[in-house]
Structure formats: structure tokens, C-alpha cells
Amino acid sequence: MGNSFGELFRITTFGESHGPAIGVVIDGCPAGLEIDEKFILHELGRRKPGQSRITTQRKEDDLPEIISGVFEGKSTGTPICMFIRNADQRSRDYSHIAEKFRPSHADYTYQQKYGIRDYRGGGRSSARETAARVGAGAIAKLYLRQKGIGIHAFVSQVGPVCLDIPYTALDLQRTDDNIVRCPDPATAERMINFIDQTRKSRDTIGGIITGVITGVLPGLGEPVFEKLHANLGKAMLGINAVKGFDYGSGFEGISMYGSAHNDEFYTDEQGTVKTRTNYSGGIQGGISNGQDIYFRVAFKPVATIMQPQHSINTKGEETTIEGKGRHDPCVVPRAVPIVEAMAALVLADHFLLNLKSRL
Amino acid sequence: MGNSFGELFRITTFGESHGPAIGVVIDGCPAGLEIDEKFILHELGRRKPGQSRITTQRKEDDLPEIISGVFEGKSTGTPICMFIRNADQRSRDYSHIAEKFRPSHADYTYQQKYGIRDYRGGGRSSARETAARVGAGAIAKLYLRQKGIGIHAFVSQVGPVCLDIPYTALDLQRTDDNIVRCPDPATAERMINFIDQTRKSRDTIGGIITGVITGVLPGLGEPVFEKLHANLGKAMLGINAVKGFDYGSGFEGISMYGSAHNDEFYTDEQGTVKTRTNYSGGIQGGISNGQDIYFRVAFKPVATIMQPQHSINTKGEETTIEGKGRHDPCVVPRAVPIVEAMAALVLADHFLLNLKSRL
Amino acid sequence: MGNSFGELFRITTFGESHGPAIGVVIDGCPAGLEIDEKFILHELGRRKPGQSRITTQRKEDDLPEIISGVFEGKSTGTPICMFIRNADQRSRDYSHIAEKFRPSHADYTYQQKYGIRDYRGGGRSSARETAARVGAGAIAKLYLRQKGIGIHAFVSQVGPVCLDIPYTALDLQRTDDNIVRCPDPATAERMINFIDQTRKSRDTIGGIITGVITGVLPGLGEPVFEKLHANLGKAMLGINAVKGFDYGSGFEGISMYGSAHNDEFYTDEQGTVKTRTNYSGGIQGGISNGQDIYFRVAFKPVATIMQPQHSINTKGEETTIEGKGRHDPCVVPRAVPIVEAMAALVLADHFLLNLKSRL
Amino acid sequence: MGNSFGELFRITTFGESHGPAIGVVIDGCPAGLEIDEKFILHELGRRKPGQSRITTQRKEDDLPEIISGVFEGKSTGTPICMFIRNADQRSRDYSHIAEKFRPSHADYTYQQKYGIRDYRGGGRSSARETAARVGAGAIAKLYLRQKGIGIHAFVSQVGPVCLDIPYTALDLQRTDDNIVRCPDPATAERMINFIDQTRKSRDTIGGIITGVITGVLPGLGEPVFEKLHANLGKAMLGINAVKGFDYGSGFEGISMYGSAHNDEFYTDEQGTVKTRTNYSGGIQGGISNGQDIYFRVAFKPVATIMQPQHSINTKGEETTIEGKGRHDPCVVPRAVPIVEAMAALVLADHFLLNLKSRL
């Protein structure tokens, strides 16, 4: 329990940070889909460490190996297992965390829950696991592309540096043009500078990623509990370091009056039903209404900092601890493909679930 | 699919706003629990319409009937079906919505998804369905009480009126002392006034509910996808009108530095492991750490307003529509028990899931 | 857990033998299906007690009430709750079983598992619960009828009296022409006589029901664990008193040579792929191949007999016990619609699951 | 969907016969279990081809690699991925089946369902996949051993050669003493001779495996749909070539009278509740009663025979086909560990599910 996601397009991930590999099994990918391995590699490359000076300098070559479920380049309807070896698995000294609980990490809670933990690099709780999600999400994206659905995400806030331009006025194709993955170059530069400063002060900072989903037909979402946004929210909150999620008007909508917030319907010249505003974020009653879906995901500052901190050891005694190695001062640039992957998995799953809605 | 929630403590709700009844089946309530029907009635009373001048004036007597699963006052381990009749089911005129799509309601999306909808009072998409959740949540609360876990929620914001006192400085027993369910009397009065004004201007307003869960042992939560906060988020986002969720430092935490945000561990005089701050919101790596869990839930303004709005009819033609009947100007006071119910269901489920963690 | 069946066409049953009602929630019935209440009533009538001299003389009027999910005679895509009151719920004396464990009943195991049990009429373990399945199965049948799939079952053995005619030589429309539900009149008479004798000797006897499913397109079934026959088997083994299941050549096939057992493919004059024999029972590799599906379900003799038996009481002391009231001497005639209902639920579920197989 | 089994002790298998590897992810193995890799290897060795003259002569070294979820020899509570490379994956000529549908194989149904198939060695439908189950089942056995539960299986029939001794009179430790895995040496010899004859005539034959589960506490099983025997049945019917399942008195019980069939309870000298007979097969009302659980699994003759057969090609044209390579004349000797593995997985799952039954 806990390591599978989705009902019909269902993934199960496995692997620890410092085991031989991480991986994922996708059960339910429709048969006949062309599996573009270059695209998967590209997506993994967007998440991998060592991309730029504002991410961790650790190098990992995330090469996906497809073990099953693909024949002559196409999905066969059987489970697709993707395997990503932990290349940078050198034998290190973990004595500094084997017996200590790092603040705001999962060391203490895994120990309490299971009575045992693989402390090397955080084990299962390491964000390394999200590479498996990005691999699976790439396949979900390939599927959604067939259905005309586009998945986009970008960095919209780093600490206090906020992108104030609405997504509709941005060119989302330019997100990857800079290392912080903010599609507005001026804001991107300010964000990069802020992260640089933070890194130099041996500290870390949080941020926000905005997701945008386009081309969604009306009807996706399964009320009353598997509402489309409820599944998006669960998906995002399952990503390491995420502390919050909202969609459409979100937390800002609470101080609007209903008369301003309601999205009036109209029929455009092509006969398509649209709404004049989109505070609903493309979802009403938990079901997509055909407008763009957009949402925000809040990330806390990375817990590993290059400064000494107070903590306790496994005997409960006071001790100090200090981050070693190469860590991200801000997680959001590398988290953009993870947000996209999880969004793609939710959409693919709901696309399949919706096939059964009507006679 | 879509009408069940939880894995081991699992509910399935059914019923439309204007059918003969709504109800819920609870599958997985452990046997031997005393089912206090007065408590269930009390919880339903907190949600029911017509409680006060700031809620809808519609009167419903939500009397729960337990159909199964209880014998001589105790749960037997078999499914508990609870039935709540729709007492106020008078034959009304629904012609104003039968052929029109109300803005920011689920009329259009249900029609698109299913090709048919029970338009009377919103049918399945009506918040009436949440009475079934409150009934089931009451039983979850009774179970959690046995395990020392307390579930609390209160209104912390109404439109621009914000409660600025941290929950730790509030007496959460006083939440129900006023009709808006804010435990600080002064703020409560301002909120009530704001809602009154909004109602008089025939408009509606959103708000925030804060939830607090106490007495949680370390270990609840099932990484990597069924993290405790991911399930709480999904549960909250599944409530009608909810647009956002965060926990711990949440959206505010993004502009904090890691050095300030990390929660240092220490051992108190009784030998209990605690954290000096609790930006983690009681959850680390998706697993409870023994500190209080707290979270926020954002509600949009109610979509039904007593003003004419532009919309389209089922043929796609432009039309106007205006709310009739008795509706809430602000949903948060009545949503407090719903938030508590969903939180209780998540905690009960994770309590049971955690029983299997170790040998 | 345990009271739901199916993935996409999913039912959850509730209710005890002597509570106010039993019922079922169907989640996932596609929208737009005409819900023929007369047909549901007809199916329930086939299962109900008191039909004939060879079934229990207990009278129950199983009147289904549809509480939700149907609007203007059609399914809406929301959960369908069906309610069946326990009309014959007179206050009886259950002291003879309250403190004793009836042999080969579920009294002892429920008590051991849950520490509490509703002993009245067997509580949840009573076959009364299967009325809810028959109600849900009727709706599944209505759905399958739209897809050209027919569900049939009949009694093929009662104790030693065996129907030796293959189903292909029988007129399955005549199954309900006699009270034992065997489509061959001569065998039916022998079966009826055997049951009559058994009843007069205050004893009970087992039997076999054969199921036949026609009109199934190739492709239903989800290897490797949710094979079509594995789900049929689970469905049948979940019916009270069932001890065995086989399909196609079944237990008889084990002594055939492969060269005789293999079903050769050919293309008929209409260009349809068929097999010359059908030892596979219409399923190969867990997936339907377009031929008829057929299977057998073995029922043990009813455990309640009108004779004194040795047993123990709840303190573990030796005692005797004797059946009271009105019980079936042989369960198979009334179990025919239950077998059909469970088969229909499996097929409807797999029909929906298969929609997602290909791009 | 379809490639996972179990709720709490849940496995997901992946891999095709001629891909790089097959494998399994176990999600839900309790933490702290010693993972005895030698035992896993031993179990895989019992299933592997080339063991003896009555099985296929194909050689495969099934070496399990544990990729995740184990740290310092113990399970950590995170998913255990086990990987088994397809060593004997030489490039062969599959042209004889690429364009033809082998009778009573899954070639045709996979093609119909998915529109594409990996025809090499049967692809996903190959019994090679069951090696992954045996690997996972070995871990389930290690867990059950901690709880005092023993899992046994043996061959009780090969074609017409039937073992007529009840399991209680057999020494189940001797099952592996002979190559057919029948614990009675005399019957074993007759079975071996029969298989030898069958092989020489280039044919195949079916058989029965009997399973016995000892040391089960009362209370396992989740009525009404997840009855312990219903899950055992589903598990067995999901094994390649299985056509039937019964438990306790099974198909034989149908011709017994209730007065003979009922299992009377008594309390033995140690104060333990037992039944004088065990026609119930250790399960009453779907819940274990503390007596031995026993069941039978029917296997059809292997579909691949060394003789020419009529069939059709992918264009629907008539053709002939003949088995090539090295195949089992009778599958039951090698299927014994598979039956045990699936039984172990069911029991481990139900053991965990039962933890939540009571307050």
C-alpha cells in the first residue's frame, strides 16, 4: 500500500536512493502507443541533478531501461517496467545520519513507523524516487498527446520573488529557456539571483510551481471523492517537499464575492461553450468543463542545509548535524518535470476512467 | 468509482438532494465500538441548514437511521449503513434550472459527462451529500476517541476578515460558542457582520477553515503516494466549494529559509521526542511525527447568488438565471463539521493501515 | 473491506437478515441505461423464499426501492442505491442459537473474528444478503442486454441426480418452467422427487448449477490476476454454500490428452473465427475468445437440518442444537438467479474494463 | 489493472517470456522480516524448467536479484522489487507462431484484446511469469512461518492416476522426494510412468494439485465477497492452465446429506475448539475456523503438443502448427510451488487484513 498511484493508468514505484536502481511498473497503458524512448530520456534529463549551478552538483545519468510491456516500439497492454540504475552510488560515509535524525526530514518518522530504515541518502524518502514518476509521466504524456491534451508547468515563485504575469500572457514553450524554468526572462533572472544568494549563504528556499493543462475535453473527473482536482491535489501533495495545493482562484478566491467569482457561460462563434472568466480553473463539481485547468503547488525550503543544526540521535540524546554532499538550494527548478509527470498521470487515468461514463 | 473513500475504513455515499434519502455505507469499522447515536445526531445538527441567521433558512431534520452493522449498540464488523431521509423534499418548480446551466455550478459538467442529470437542487452535486459524510465521520470520531486522537476545525477567515491568532493560543472547545464557528469571540463578531452584509447585498463570500488533529502517534501515513497529508488534501478537496489545501507552514513556508523552517528535534523531560517548532505540521515524509497536525482549507464563495447572471441554456443559447430559495451566503460555518468528518475518516483509515507496518 | 465487488461496475452490499433492510449501492453503472423496475422485481422473485414446496416456506416480499442514481427512469451515472426491506422480520425466539454455535454455519467464525455477532437468523452471514446481489445483478443484466450478452444458469445436479445432456442440446429458455430450474423436464422431475424425499427425512442435499454466457465478444478479461474465469470463480465462491467452481472442461479435463483437449480454430462461412470444440469454455489465457462461456458451481448441503446435532455453546461446553423454522432442503433452485447475478456483475465489470485496452 | 494481487500484502508482476527479465514488486511486506535469499532461490529452483526427465528440458537459472526494500538482510516496509533475468533468451525462430494462433493458447485472445502481441514464447501469457509469483510467495512464506502458518501442496492426480490416500495420512515433508511431487511413493511411480508414456506419444496430460494450509488461527477472511476461499479460488484460477478449484468436500460434497456433511464442534482436552470432521475445509462463512484448510486445483493438459494441429493464421486462413522446442508433458510437478506461492500470498494478505477486525 502506498506505492501505487492511479486506478486504470496505474503506476507502482520502487527503489531507494542508494540501492542498485529505482523503477516503476505501469499497469494499464493502452496497447498500441508508440513509446518514444528519446522523449523519456529528455524528460528524465529535465529532472536530473547537476543540470545547472542552481541545482545540486551531483551527477546522475538517468538512463531508462524498458524491461517489459513494449514490443517493436509499441506498448502491448501488458505492464511496462522501467528501470533506472543508481549510477552515482559510490560508497560514502553515512555515519553522520545513520544514528541521527535530520530535522524536517523523514528519518525519524520512518524509524518510528517501521522500526528500521535505509539511512543511505534518505533511502525510500529521497526525491530520487521521483525519477521513476517522471519516466512514467513521460509515457502518460505520450498518451495524452494523442488525445490533444497538453501538460505544462513552470516556476512562478522563488522565496519572495513572484511572477505576477498571468499564465495566459506567457509563452509556456519558453519555460526551459532558462535554468530556473520561469517563462518570463526578467523574473527568471531575479529568481536565479535569489537562489544564488541563498546557496552562498549555505541556506535553502521554497517556491511555487504553477501547472497548466490544456485541451481537456469536458467530462473528466469522478465525483464525489475522485474529483479531478482532488486527484491532482493528492498527486501534487505526494511529491517530496510539497506543502500546499490550490487550483483556479484558489486561496485568493476566498475574498472574492460570488457575483465576481462566478464564471458565466457563453457560446462562442464556433458554437463552443466557454466561460468568460476561469476562476473555476477548468473544473466544476470535480469534472473538467473544457477550459484550461491551472493550479499552484507550494514547496517548502529544502531541509538539508550546509549549516550545523540541533537534533537528537536514535537514543534520543541531543546532538548536532550538518548537511554534507551536494544538495539543491531550491527544489522548484528540478521539480517542474515532476509536477508535469504527476499531472499527466492523473489526466491519463481520468481519461480512461471517463470512457465508461455513458452507455 | 468515485463514491467511495478510504481503504480499510471505507465509506461509500449515495443519494441526491431531492431523492427520498441520502446515505452512507461504512465498510471496515472495527467490531466492538459503541455507536453513540446521540453523538451522530449532534454532529449532523452542526451541519444542518437553518441553524442561524447567517446560514440558509431551509430547515432539514437530519435524523440518521442505522440500517445495519450495529447490534445491541455496538459495531459488529459488518457494513454500517446509515440513512438520512430528505425531509424537506417538497415538490418545487425547477424549471428555472432544468434547461439552464448555473454559472460555477456542476450543471454543465454533469450534463457533459453523463448526458443526463437530476437537476433538482443540484442532484448528486449538492452539498446535501456531505451530511452522509458527517454521519460516517461521527463514527470515525468515536473510533479515534478510543485511540486518544482529537479532531478539531474552526473558521479562520471569512472574505477579508482573518483570524490572526495561532491555533495554539485558542480554546478550540469554544468553536461552537458562536454561529460562525470561530473560537475567538472578537473575530467571530467581525466575521458574522461581514456575512450579514454580504447576505444583505444578495451576494456570497468565501473563507478558510483550519483543522487541527491532536494526539496522533508517530507512524501514520503510507509513502510514497498515500502520504498522510496527501490523503488529507484529497479528502478536503473533495468537499464542495473547496479550492485549496495546505498544511503546516503551507503556502507561507515558501518564503522562509530552510535554516528558519527546519523543526529541530529534542527530548522533553518525560523522554518524549518533540520538535521545537512545528512548520512540518506534524507530518514528515508523509508520516505523522507525533506533533499536532494542522492544515487550512480554502472555500470559494457560494455559486448560487440572489442576482441575475448571464448563462446559457441546454441548447447553448444565451439566457439569464437567478438564484431562488434559501442559500448560504457563506459556506464555512456549516462546513466545519464536514472538514472534521473528512479528517476523521482519513485518520481512522490510516490508523488501521498502520497496524500492518511491522512484523 | 469485503463487502464490495467489482472494479468499475462496483457493488457494495449491506444489511443483516433481521435488521430493517438489506441493500446495495452500485457505483459505476453507465449513465443513460433504462432501469426496468419490473425486471428487477422479477429477478428478486426468482430468488425469494416460499416459491414452491421444495424451497423454504418462509414468505418474503422482496420489493426493491430505488433510492438514488435513477432519474426519469434512467441511470444518471451516480450511485444507485437499492433497498429491500426485511418484511418478515417478526420477533422470534433466537435463544436456541444466541449461545450456541450451529455446525457448519458461520456462527463460530464470526464470533472468533469480531468478538460479537448478530445471531438473529445468521445476521450478515445469512443468504438473505444475496437478494441485494440479485437486485444489482438485474441492473447488470439490463446493461449487458444492450451489448448482446446473455446470462443463463440452471440446475444440473441435485445430490446424485445428474443432468447428462450438454447445455448446447438444451433449451435454456425453459429453465424456469419447473420448480427445480432444470431445463430438462424428465431430469427435473427426478430432482424434485429427490429433494422431496430429502425434506421428508428432515435432511438436506447439495447440487450443481451450470452457468452459460453467450454473445461475449473476444477481449474480456484482465491478465494475469484478473482473468475472466478467475473473477467468475471468485464471484461464485463468494456465494453462500459454494464449495467449488470449474469452467470449460474443468475437473473432467485433467484426464484428457492435450491432443484431444485442444480447441482448433477455424473461420466459418461468415468469416467469424470459431473453435471446433470448446473445452476452453470460451476463455483462453484469461480472456474471452468469442465462444460460449460455461462453468459449474458446486453447492454443499444446507447446514440447517431438522435433526438434533451435537455442538458447543459460547462457553465451549457440549450441547445439542436443532434447526427451527422453515429452511430449504436444497439450495440450488433458488441459487440459480444468484449465480446469474454474480456472473452478470463480472461480465459488466469486465466489459467496462476492456474499454481501455487499446489506444 | 490485472497485474496486481492482494490488498495489503500486494504484489505486481511484470515481464514477458523473452524480454530481458521478469519480476515482481511486493508492496506491504511488514518491516523487520528476515529475507532469506537462499530460501527464495530454493523455491525458484522447485519451479524452474529442466529439473527432471518429466519436465521440459529447457534450462533456466532463476536467480533472484533484490533491487529494493531490504536493508541489512531485513525488509524495511518499502516496496521489495525482485528481478529475475531471462537467461535462456537466445534468439530463436518464432516465425511458426508469429503469424499463427496456437490452439488453446492465448495468442488469439491477446491479439483480439490488444491488437498487438509479443509472440516470442507466449510473451506475457507464458507461465514464465509465475516465477515472479514464486519469488514473492517465498517472502510470504517467510512471513507466515513467523505466525505459525504452514503452506503445503502436492500432486494428487495425473490423468487417470489418482492418489486415494487422504492428506492427513500422508507425510507432506516427503512431497519433494520424487520428481512428480506426490508424497506417496507408490502412486508417484505410477504417475511418473504415466507422464513418461504421454511424453513418448508426443502428447500432454492434466492433473490435480492438492493444497493444505496448517496452523491458521480462526478469523481470517473478509465476508461477504473476500471470503478466504473465494480469494484462494481466484488465486488458483489465475495460474496458467488451471480449470477448476474446490475446497473441503468440494464437488464431492454435493451428493452428501447435510446430516453427514455438517462438522460438529467439540472442545478437546486442551480446551481448544475443534470439529470432528472437516468437510468445511477449515473455512465457515468465508472465515477460517482453526482447522486445516485444504483444496484442490485442476490443471488442463498443456496446450503445446509435439504433433501437427489445424489452426488459422492472423489473416484467418487455415494452416497447421506444431510445437517446437522443449515443453512439459504435464505441468503439475512444476506447478506445486506456484500453488504454494499463491496460497501463501492469500494467507499473508488475509493475516494483515484481519488485524483491523476488532477495536
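Order of writing sets the chain letters: A, B, C and D. Residues in each chain are counted from 1.
The rule is simple: contacts are C-beta pairs under 8 Å (C-beta built on N, C-alpha and C of every residue); 3 or more make two chains touch, one makes a residue touch a chain.
Computed from a prediction, not measured in an experiment: that's the story for all the values here.
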Subject >> Fraction-based call for subunit D against subunit A, same above half, different below >> reply: same
Subject >> Counterpart interface for A-B, drawn from B-D, A-D or C-D and sharing over half of its contact pairs >> reply: C-D
Subject >> subunit C and subunit D: spacing of chain centres that average the CA atoms, whole Å >> reply: 26
Subject >> Length of the line joining the C-alpha centres of subunit B and subunit C, rounded to whole Å >> reply: 39
Original post:
Cα centroid separation between subunit A and subunit C, in whole Å?
Top reply: 46
Original post:
Can you list the subunit D residues in contact with two or more other chains?
Top reply: 1-4, 7-8, 13, 28, 31-32, 77-78, 110, 113-115, 124, 223, 353, 357-358
**OP:** Enumerate the contact residues on subunit D facing subunit B in the complex.
**Re:** 7-8, 28, 30-33, 77-78, 143, 146, 223, 352-353, 355-359
**OP:** Using the touch rule from the top, collect the residues of subunit C that touch subunit D in their complex.
**Re:** 1-5, 7, 13, 101, 103-106, 108-110, 112-115, 124-125, 129, 157, 159-160, 198, 203-208, 218-219, 221-227, 229-231, 233-235, 237-238, 240, 243-251, 253-259, 261-267, 271, 273, 275, 279-281, 283-290, 298-305, 307, 309-312, 316-318, 353-354, 357-358
Subject >> Touching residues (chain side subunit B, partner subunit C) in the complex >> reply: 1-4, 7-8, 10, 12-16, 19-23, 25, 27-28, 31-32, 65, 67-69, 71, 74-81, 110, 113-118, 123-124
